[in-house]
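Chain lettering (A, B, C and D) follows the sequence in which the chains are written, and residue indices restart at 1 in each chain.
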Amino acid sequence: MNRLNREQMAERVAHDVPEGAYVNLGIGLPTKVANFLPKGRDIFLQSENGVLGMGPAPEPGKEDPDLINAGKQPVTLLKGGCYFHHADSFAMMRGGHLDICVLGAFQVSVNGDLANWHTGAPGAIPAVGGAMDLAIGAKQVFVMMDLQTKKGESKLVESCTYPVTGLNCVTRVYTDVAIFDLTADGPVVIEMVSGMTFEQLQEMAGVPLRLAD
Amino acid sequence: MNRLNREQMAERVAHDVPEGAYVNLGIGLPTKVANFLPKGRDIFLQSENGVLGMGPAPEPGKEDPDLINAGKQPVTLLKGGCYFHHADSFAMMRGGHLDICVLGAFQVSVNGDLANWHTGAPGAIPAVGGAMDLAIGAKQVFVMMDLQTKKGESKLVESCTYPVTGLNCVTRVYTDVAIFDLTADGPVVIEMVSGMTFEQLQEMAGVPLRLAD
Amino acid sequence: MIDKTVASLEEAVANIFDGATIMIGGFGTAGLPNALIDAVIDQGAKDLTIINNNAGNGETGLAALLKEKRVRKIVCSFPRQADSHVFDALYRAGEVELELVPQGNLAARIQAAGSGLGAIFTPTGFGTLLAEGKETRKINGRDYVLEYPLQADFALINAFKGDRWGNLVYRMSARNFGPIMAMAAKQTIAQVSEVVPLGDLDPEVVVTPGIFVQRVIEVPSRKAAAA
Amino acid sequence: MIDKTVASLEEAVANIFDGATIMIGGFGTAGLPNALIDAVIDQGAKDLTIINNNAGNGETGLAALLKEKRVRKIVCSFPRQADSHVFDALYRAGEVELELVPQGNLAARIQAAGSGLGAIFTPTGFGTLLAEGKETRKINGRDYVLEYPLQADFALINAFKGDRWGNLVYRMSARNFGPIMAMAAKQTIAQVSEVVPLGDLDPEVVVTPGIFVQRVIEVPSRKAAAA
């Protein structure tokens, strides 16, 4: 079985972003999706800190501390991009104006609940940022995660054991071994890596799956 | 008794607007106050349709249909003025950022209820505009009106018989014969026109008055 | 390549359907998208709900749409004006429904819709006829009325300049309802005096980011040409 | 003549009192009014409640204020960062209270305060730990949480240019919380890279109208000089 590495996962997600889409890429792994967006397409990246039309990282030495992304890394602005304040930025999310957001996750439940902000561990300092707004705001919420933890437990679960970020919000899950659409009837497998069988995948996922027609 | 005419009333109100005040002048009689603001003072006129730092009417031939006041009359912009959208404009009112608004009225009650938007007459087409927002938003709400109707009924009343615009919101009433502060203990007369006695004024007002100390 | 500009007013309003709710920008005639309203008149959609600050002036624009009896209901703050005779007659005849909303609540409800809020407690209108039957609540000693978002299928707005990504800037007090209506409608159609090349609008100065705009149509105006 | 500019940082923050609630603009370090925070440190006010998106970075600015134990409570969305060790230690020691707010609710609550709303129903956070104990309501089939406005006695913000009437423009993504915090505080103090003569700021381009700003202090910055 040919598991996808992180770059391959990012490339796979990027492939599904259509021209004209307004997209927010969460911090961490989802940020990598930007590196693989097809060059010919007009795709609009939004950053929660008030940027639309975000471009790639600047050349070394060209960083501007006033132009950063949600992960506080220096970025650039595309021709045609613009700036706005935080209330307008989160209105873009909460108001349903973004087509896609891509987030990482600790767990996703079969009905689309997302857990990605807090381990719930005693002593952990909680931090939420824009995760809860992104989870409930975009028309489609894509999650990128390995299907299993390092211990071999499935992260696609009947019900999240980690504190949830949002309920019934994830529409699709991209993993290292398969892609799932979360439908009203549960997870539907729409793609598997080469060498993977449905039976193997079912075993790894641990929740009832269906194959797409 | 020397009743004030409309220009004199406007001049009297203008006299009480301090330097640095953010002021909204309602349509009709209050608009005239702008003509009498002391020239040396920086006073900021706000217009509900998204203008701060509104200047006087333009010279004939210099009107711009995109620059109007709440009464849809052409105006100008002072150096240092700016434009904004309607939600921000009404946030200025509702959020308590205006120091003074000046409104006309059909009636004002002794506890500061304002009636100025609707006669309540059968068949009248109601129109409210920004009246209700102005009534409850500014730090001080000044009303300009004749003390009595043409029929000789006092417009300063125990309780409004016209539909109200806002409750407990008027702080001061400028009339053709006297100026009243509306306090928790009722109307206090702070100024009368020359030739007016307190007894005459009490008779005209028809509600219990007190003289300022 | 994304290009939201369209070649004709006809194309700009082609998909407006019977029964649609349409926000129309403008305060009086400043910012009123007259060319788009005329295109809607030609297009034929009927049984419309219109959200605008006023209810039409004179015989053109919104008044003309009303006169054709294409409007079922109007949501506005100030219908009665010196030259609102078309609306006045229809209203008195019971041929158009009126939802009267204080102007600031109109703006706040439109902004709430664009921002995805479920409802807001506003102090405006408390204790008045316009809050009758509405839920109220005292919060920190002040009285508020619960008001719900105003959404629309379409927004027709008038901006000064736009580009092919739908970024817009406005002109003077013609800005008024445009930016918030653009956020509150499923599809926003902007009439602009000038379409400019992508990158011509300073990113610091864009008032309506393109994400809120679906179609842009250039309608040169004399006043813009003079500006 | 109204001139909101002040001559020194000391004067700018002179009236901040013990127990005050202070909004501080910025997202990470972009838009953080560092000079004003340093002035507050020197000024001595204590027992403060701070509203900021983060909880300080490294050892300077907000982190330094925290380190001096001048902050009783912090309201923010993202305290935990790679370099938030000052906050982390105080929090673990129980020496600072944390109110964690989803970032969009933080922005919406600040905007609600500036706009005079009494409360808002927001979908963000519904069903999560951060909505525990809060009133909820289903509106048109969607679940919402009732959230209250966030007000402040003071807002400290960092803008690019300002004039003597308090009009402000910002620079790139350093705009972030500045415009809405300016509206939500009783007194807004703006650190600007450059004070410009009245009339230099294009009226179409002013982001924060002067009505929302009480004091302006020029603090030239290298990055602004380069811009």
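Keep this in mind: a residue touches a chain if its C-beta (ideal position, glycine included) is under 8 Å from a C-beta of that chain, and two chains touch if they have at least 3 such contacts.
Keep in mind that this is a model prediction, so the values were computed, not measured.
> Hey, what chains does chain B share as contacts with chain C?
D
> Quick check: more C-beta contact pairs in A-D or B-D?
Taking the two pairs in turn, the one with more contacts turns out to be A-D.
> Quick one: chain A and chain B, Cα centre-to-centre, how many Å?
Chain A and chain B have C-alpha centres separated by 54 Å.
> Just give me the whole-number Å value for how far the CA centre of chain C lies from that of chain D.
Using C-alpha averages as centres, the distance is 32 Å.
> Could you tell me the distance, in whole angstrom, between the mean C-alpha positions of chain A and chain D?
29
> In angstrom, rounded to a whole number, how far apart do the mean CA points of chain B and chain D lie?
About 35 Å separates the centre of chain B from that of chain D.
> Could you tell me which residues belong to chain C and also touch two or more other chains?
Each of 108, 111, 115-117, 122-123, 170-172, 203-204 in chain C touches at least two other chains.
> In chain A, what residues contact two or more other chains?
Counting only residues that touch two or more other chains, chain A contributes 77, 83-84, 87, 90, 93-94, 137.
> Thinking of each chain as a vertex joined to the chains it touches, would you call that graph a line, ring, star, complete, or other?
Its topology fits none of the listed shapes; call it other.
> Which two-chain combinations touch?
So the chains that touch one another pair up as A-C, A-D, B-C, B-D, C-D.
> Where on chain A does chain C make contact in their complex?
Per the stated touch rule, the residues are 19-20, 22, 42, 44, 46, 52-53, 77, 79-84, 87-88, 90-98, 137.
> Which part of chain D faces chain A closely enough to touch in the complex?
27-31, 77-81, 88, 91-92, 98, 100-108, 110-111, 122-130, 143, 170-180, 207, 223
> Which of the residues in chain D end up touching chain C in this complex?
It comes out as residues 108, 112, 115-123, 137, 139-140, 142, 144, 148, 169-172, 202-205.
> Could you pull out which chain B residues touch chain C in their complex?
47-51, 64-68, 72, 77, 83-87, 89-90, 93-94, 118, 123, 125-133, 136-137, 163-167
> Spell out the part of chain C that touches chain A in their complex, as residue ranges.
Contacts found on chain C: 1-2, 111, 113-117, 163-165, 167, 183, 198-199, 201, 203-204, 206, 209-212.
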